[in-house]
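In order of appearance the chains are A, B, C and D, and numbering begins at 1 in each one.
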């Protein structure tokens, strides 16, 4: 299906649904996975998995000794992430949970990385994410709202994370049209990452 | 209609058509008019006027002693620009010509500024624009294709323009959604401006 | 000095100092003035004027019947703005006040537009700016910090402004180097503007 | 040194020199490696390796069964890339060659991926790169000049590559200052990637 080792699976390889957000665009997935700093065998939580784009990318990095716990409160997102896990042969690595964060994190084991793509409840989710992270564990938040960038950064500071990195990305993609290559902009994203000391 | 002196008329004040590109977004219009460096009484050519957004903005700056010659080869663009000129009470300033550049420039008088929004035939249009410009006249090209940026810059250099400025702009606009302000990207634009020595 | 009618005076025409921030880059000045929606005779307050870039641009738009009250708490910024007002022959339009906002706004008359370029105390300045604005008056805030964008938007909403616009701008400028045109990025700016209902 | 599996090594972990460009910033390295689509055992050529940032990232992905041939015509770049290869324990994977492309590619074996970071001679290098690539091999060009983006795309089309992707990236990084997080822009980059059919 996708035999390369590097993140950044083309968007159109994922099963998609009009009712489920995602997948996170391939360039942003590549960058998010980079900021997550993964190793084989790592345990990862993906909060608000949507289509499962980041879940699958993380799964391909951590491999069969690792686990990715994907959480979403939407039934269709849960099903879609499961389908994508199967499509990419990652069904033994990915565990999809229907539930609402931060409550849904309660029963999960300690993990190496928490990825948060969603926009709601960051103030509650980030402190709980901190408690679920092992020492030197990483958190990565993808913010698409002006307010989320601010709130995520504030919550990450208050939770006690260190090595905080704020990266705003504007991507434009070339599209072949009559006459040349039109540059089509993608919405800007703020990626905030940090380490549990 | 629009009684302010400063450029940047809100997009939705223009009459629009699905078949005609434009109007150039308000922020890009404001910047294009800035690079054009207009004065009352100036004569301006707008090549590829489309909806007439830049035509109207220029007209409001040059006033009744000035003229804006708007050129487009599309019938509907010609009609729409005329309608917008009437809507903004600029019909005595704006002269709309159906025609193809650079041929359509042949019968026009010498002008102070040439604005080029279109994407085709830049190599032919820019040298002719140079001959139509008075001394110290200005040219402003808005490029949305990767190739157009390169070709416009190359043609502007070859035509003998000086004080060449290349400005790439990425704009994102906030949209109120449930939960906050989503940043929606607009396509990047390269604005190339220069002066006839 | 600068005889054009349109905003966007080239940066290097301003007197500058290493100890005073600014001038706001020409493209951002053009856009800020566009969002301010100025008319001849308007009264304007520029909070945190720094070098005076926005002060001068506003002064050239409002003309001799208008006024621009430029405020800064730094002595050198006050002097530099006065010098730039003289350089651009706007000394009869510009009144520079040494002081701290929002206190320094207390004795000023009601105005048509408030421009805020500074980063500190937005929560206190914006509600006071609201009280100083005439009906249909405009506010424009330029934010360069992640937090300022959020706080300005929040304070503008709470103060009761309408027609709120959030515009993020990324500008890159071409620089001639051996081999071609290198694109040098300028720091992103969030421009938040709104109308007093 | 860097034990993570994912690309995007922090910039400051590389040995650097004022006389050698690079390293390519970590976010752009992560994206470049993503577009390169690497597997364990792959052979890679890095044309214009500079500091060796992309060389090391590629080496960590292809592992001991793979090879990265790093080429630069500058003595100090050659030395620096060797030093960085040693620092990241990749000296058995990386072979650094002093030389000028495309001539320096002549004696290299067929490879899976060619990465081109330099700005000169793209028209000559890209067709030779094509001949050095195995079937389904990938090319990735990072362009920082307006002209390079255009020329690389044109040369890639003419060489017969397929699945051509043009991605422009603007990154801004948060920096803690008094009062908040200032967003500092990095220069925009155009990443062009394609596959040999």
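Keep in mind that, in the parts below, contacts are C-beta pairs under 8 Å (C-beta built on N, C-alpha and C of every residue); 3 or more make two chains touch, one makes a residue touch a chain.
Here the structure is a predicted model, which means the values were calculated and not measured.
With centres defined by CA atoms alone, the chain at the far end from chain A is B. Where the sister copies chain A and chain B meet, the same residue numbers recur on both sides for over half of the interface positions. Chain B and chain C have CA centres that are 26 Å apart.
Chain C and chain D have Cα centroids lying 42 Å from one another. Within chain C, contacts with two or more other chains are made by residues 146-147, 153, 166, 168, 170, 172, 174, 181, 183, 188. Residue ranges on chain A touching chain B, taken from their complex, read 119-120, 144-148, 170, 172, 174, 177, 179-188. Across the interface of their complex, chain B is touched by residues 3-8, 26-27, 30-31, 33-40, 61, 153, 164-174, 181, 183 of chain C.
For chain D in complex with chain B, the residues that touch the partner chain are 146-147, 149-150, 153, 166, 168, 170, 188, 190.
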